[in-house]
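Report on one structure; see the data block that follows.
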Amino acid sequence: MKKYNKHLMTYIVLTAIAAALPLGRDVYVQHLLTLTLILAIYALSYNIIVGYMGLFSFGHQAFFGLGGYTIGLLSLGEASAGRSALPLSLAWPVWATLPASLLVCAIAGYVIGYVSLQMRGVYLGLVTLGFAMLIWMATINERHFTGGVSGVRGIPPFELTLPGLPTLELSSPFSFYYFALVLLVFTIYFISRLTKSRFGRALVALRENEERASALGVDAFKYYLMAFTIAATLAGLAGFAYSYYLRYITPTALGITFLWSAVIMVIIGGTGTLLGPVIGAFIFVFVPEVFRIAEELRLLLFGAALVVVIIFLPQGIYPSLVSLWDRFILRRQERKGIEGEISK
Amino acid sequence: MDWALFAQQVFYGLSNGMAYALFAIGLVVIFGILGIINVAHGEFYMMGAMIFSWLVAIQGVNLVVAAVIALAVGVIIGILSNRLVVQPIYGKPSFVLATFLATLGLSIFLANLATVVWGAFPINVTTPFSLVVRPGGIAIAGDRIVLFVIGGAVLWLLMQWMSKSLLGKQLQAAAQDAVSARLVGINLMRVYAIGFGLASVLAVVSGILMAPIWTSNPYMGPLVILKGFIVTIVAGMGNFRGAIIVGLLLGLVEAIFGQYVAVQYREAVGYGVMILVLLFKPEGLFRR
Amino acid sequence: MLKINNLNVHYGRVHALKDVSLEVKDGELVTLIGSNGAGKSTLLMTISGIKKPTSGVVEWEGIRIDKLPSHNIVSLGIVQVPEGRHLFPKMTVLENLELGACLSKDTGWNKQNIQRVCSYFEVLGQRMNQLAGTLSGGEQQMLAIGRALMANPKLLLLDEPSLGLAPLIMEDMAQVIRDLRKEEGIAILLVEQNAHLALELADRGFVLETGSIVVSGTADKLLNSKLVKKAYLGL
Amino acid sequence: MRKRIYVLVAVVLAISILVPTIGCQPQEAVEKGKEPVKIGFALATTGPFSYDGLLEAQALAIAVERINNAGGILGGRMVEGVVRDHGYVTENAVTAVNKLIFDDKVDAIIGLEDTALIWAAEDIMHQAQVPYVEFGGNPPGWPEAADVGAFRIGFVMDQLVSGYFTYWVEKGVTSMVVAAPDTTFIVDSYSEVFVPFAEQYGIELFPLITYPVGTPDFLPQLAKGAAYDADLFLGVNFFNSEIPREMMGMQELGVPLYAKLFDIPTEETIVQVVDAAEGVIIPSMTAFVYDDNPVMTDFREAYAAKTGLPAPHYWTSNAWMAFHALVYGMEAAGVTGKGDLAAIDAGIKAASWRNLQGDPVQWTENGAIVYKNVILAQIQGGKFVKIGTIPAGPAPPDIYGKVLPPGTTDVGAKFPGE
């Protein structure tokens, strides 16, 4: 119990520091931080598949985009008239679009997972990629329904009205940052509870040795499908935040570039860790910005940086930091021990 | 039914398919031997096409000389990539995922490097074969015939080399069972280096052959890499003959589907087939 | 010839071999018996250079080989026939044999060598162009040994050659092992679960339990040892 | 577990130290009224579209240098250009614009050469009261009448198309293939612009979606279009790298009359590809290139003096035009317009256009500066030759927001021989 409290305290401290980050910064940095948090949720959801399940999925971007598109299509209303070529004007409020987008992603995740989770390894990755590409193609081509390549424009700002409470309107990166922070904290809490549950332990057992876990009576397919659906739903949550934040969504959001970003964030940060993907998202957003000192070379440098990091820290940055810290602490303890002996 | 148009589509489909096959075969080599997906394969292909086009169209170098230089640079890039990017992480845990990211980083790097060196403007090459004949109303372009002839020859040589030469057999052996390959005394690291070199040569060859047909720019790699994935998977891992057949079929099916069914979904056919094959025949269509 | 001193091998945190020391002399047949998971295969893989030891020394004819890559070890004459055969299933018998000799460049000599292998295993001669994956279990084992012989070994590491074989074929295999020793003077390190067979063939033996050698000695001595009798011979 | 916690705190602290270092630039004290006018250029300097972006950046740098050599604007204030890359990706465009406005603190923004990019970033710029000039692809109806301080230099799809239809109808064209890629918004505009005009002019239209979503070779699709056997094959495309391939394909397929709706990147490329094809006609939406316009003459001369090369047309000359519209507007308004969009709005609209006498541009109702004419150029004997001017036609009735029922653009519905 005591240990749990200490843990909780750390997270509270971390959240407090995170909450203090955008204070006093200009909107540009606030925007980057907000983007980081949204992408961190997305990376965490991808980490469930890659890190905790130990499987490949190259189709995760589809769920991110589906979440975003659901918002886009359901929230358009009279206010967006003239700004969108779509004939839709459903004008659903936030409390309705949120469950809708999560539900769409959960169903999509369940269906795609059900079909493709019989595969393993690279094959699973490519079959999910196939599904994602099909969804992407349909989004581009069925423009009477999706807005085509120009995307959905004129998504109303995030506005939550609950009875008895003042209306919550988030129209600036600064205010959206705290909303995204709440979502991120929820996601981290949810995943940490999940991994500590019986379900999470079963997943880890499956990751370590699927045959043995299956022999012990773990229904691999059922667990994988469940986890895949959860990951898809969380990706939808990230897409939800993304869509309301930028207030505009294009097929890029479910295209292959968002697969690359997920892969980069999770692997650079550290697969199978709770905070690795968050660090990965930070790096993914901020490092290309740091390279803005040379606008034309920034992606060249970013590509090179990716290679270098993965060669020297193939486990990702977060686990390497932990082990570095380990060594540091150990050495200090050793030194202390020696000093202690000398003083005796 | 307009038969001339049908024949035209078959011709275009097959020549596109030849390009897919030629490109994919290098992916098949790497995927077969190392079990990894080389995302940067498209950029090897791009480097081949760009170096060749730049030398021929901008510098006025002789075709053959340009091709040789492009091949040489391609081999160097392939071997260096293997040495500097893949080998350092070989055998580490999560090797497959790590190489996926490392080669992704490499592909970003190479595409942007090419932009810095040559600019992103497309380079167009005309060769002495860039002419068109129209037997029976079907447009047959000389460059496509060259693609068929040289591409076919390269694929045939590759198959012969793979099945006849000791080195080719070593490559196959490493693909089939890495541990016993080491136990019979095969130097795995050397085989991997050769495999990577070979794959990049094949990518460069396909780049050179495609340059006069498709024009070259630094971002042409990602356009074909997904086709390569489809071919690799549908054919079955490490299956060369299958990859050639599937590549040709993919081009053909896309052209015919685009002509007679729905042109905007022609790309979907490949993915649909890939999904179905993986679900019902996961070892690939052409199991040897 | 082969000398192993205080060898330690880890798989992650699992200590697979603990201070193992043993020796195989010229032309000797030494057997290693032990139950499943005792570390027998790990020992062979370490000798072959597939698995790197955490500490200890493996010496072969006075040269340290524990840091050498596996192909160099093969070229020194230490060849392993791995457990479960590990053939190249999509290649023909002939190709498998050729790959066994992939370190030698002399093809004429290789042909002689193939004939030599066929003299031990006549069946293989009849199935030269069949895919290795389609052979029966016994034939596969023959091919695996044949492939190893193609490399002209001075020391053959045999890992469970009798596994999954019918008793009759097992007897054939035992005969081949005897012949190899007698006619070619090849030293053999034989790993077996079938302790009866192993000790019958061997000059000396070691018993490996959870990574440590617990008993060693001549085959006769082991056959009469209480521990071996109880645990491995089922007497 | 505890060390983990330390690591976390260390990382977060590192982040919080790193974050403020981004976006902190030393501010030099400058005499009030003499500080430079900062203009942000949001361009694609990386990615497949950098062939445009880098050229635009180059042209804009020359423009900035020239203005400064002439003594600057607004009573001697120098102009400072800040290039920020968006790589043609929507959320990167938002980032680049945020960087320009809140970190670089620019007075105005030029760039965002694509519909999706401007749509993603327009609200940010408008809320920050930063005037912006766009010079790329435009959806019909943008900017909206309410968008004070938002400008567009270039073409308007509907006027371009209507002028085009008038021209070809006169030439006796009664059927037309319109081949558009499936990755640009042109496909959307297709139903909104082409179909109403075709109905109006009585032209039979064969819609064709071509071009890659990752297809390296779209000749099968062009072959399909060629088989419609229409009087004119009209290529509509955005992705420049495809133009040479497209033209090669037309040549290969023996299409008799082939025209492009937009300009092409360089004369060299196009001539190299279609040297002998007399049937190929290219309209120039950057009409200035072939017109005797003082601003464009300046552009050609300044570019040649700096680089020794002929000036690239396409978006580059649009960028040049946009820059001058902005600085002349600032001059006329007497302010940069930042924080006071109405002033710059009036300024740009009232600008003397001192170098634009006889300018081939006009204002549209919603506040865009568009070309009055479309210049048609033909390749003759390895050179571009101006063959005529098409006056911009009227807009078709209610083209935007009018969504045609699904199936109208069903590709292949009218395929002959089926």
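Some notes on this structure:
For clarity, chains are labelled A, B, C and D in written order, and residue numbers in each chain start from 1.
Everything below uses one rule, namely that contacts are C-beta pairs under 8 Å (C-beta built on N, C-alpha and C of every residue); 3 or more make two chains touch, one makes a residue touch a chain.
Remember, predicted model here, so these are calculated numbers, not experimental data.
Common neighbours of chain C and chain D under the contact rule above are B. Taking each chain's centre as the mean of its C-alpha atoms, the one that lies farthest from the centre of chain C is D. With each centre defined as the average position of its C-alpha atoms, the distance from chain B to chain C rounds to 42 Å. Averaged C-alpha coordinates put the centre of chain B at 35 Å from the centre of chain D.
One finds 51 Å separating the Cα centroids of chain A and chain C. The multi-chain contact residues of chain A, meaning those touching 2 or more other chains, are 137, 141, 296, 299.
Across the assembly, chain B contributes 112, 115, 222, 226, 264, 267 as residues in contact with two or more other chains.
For chain C, no residue reaches two or more other chains under the stated contact definition.
Every pair of chains in contact is given here: A-B, A-D, B-C, B-D. Partner chain A is touched in their complex by these residues of chain D: 1-13, 15-16, 18-20, 22-23, 45-47, 50, 54, 83-85, 87, 89-91, 94-95, 98-99, 101-103, 115-116, 119-120, 123, 128, 139, 141, 144, 182-185, 187-188, 192, 213, 400-401, 403, 406.
Chain B makes touch with chain C in their complex at residues 166, 169-170, 172-173, 176-177, 179-189, 288.
Here chain B touches chain D in the complex through residues 1-2, 5, 8-9, 12-13, 15-16, 19, 57, 112, 115, 119-122, 124, 126, 132, 134, 139, 141, 210, 213-215, 217-220, 222-224, 226-227, 254-255, 258-260, 262-264, 266-267, going by the rule given at the top. The touching residues of chain A, counted against chain B in their complex, run 50, 56, 115-116, 118-119, 121-123, 125-127, 129-131, 133-134, 137, 141, 256, 260, 263-264, 267-268, 271, 296-297, 299-300, 302-307, 310-311, 314-315. Listing the residues of chain A that touch chain D in their complex gives 3, 6-7, 10, 13-14, 17-18, 20-21, 25-29, 31-33, 35, 82-83, 85-87, 137, 140-141, 143-144, 147-151, 153, 173, 246-248, 250, 252, 257, 275, 279, 282, 286, 289-290, 292, 295-296, 298-299, 318, 321-322, 325-326, 329.
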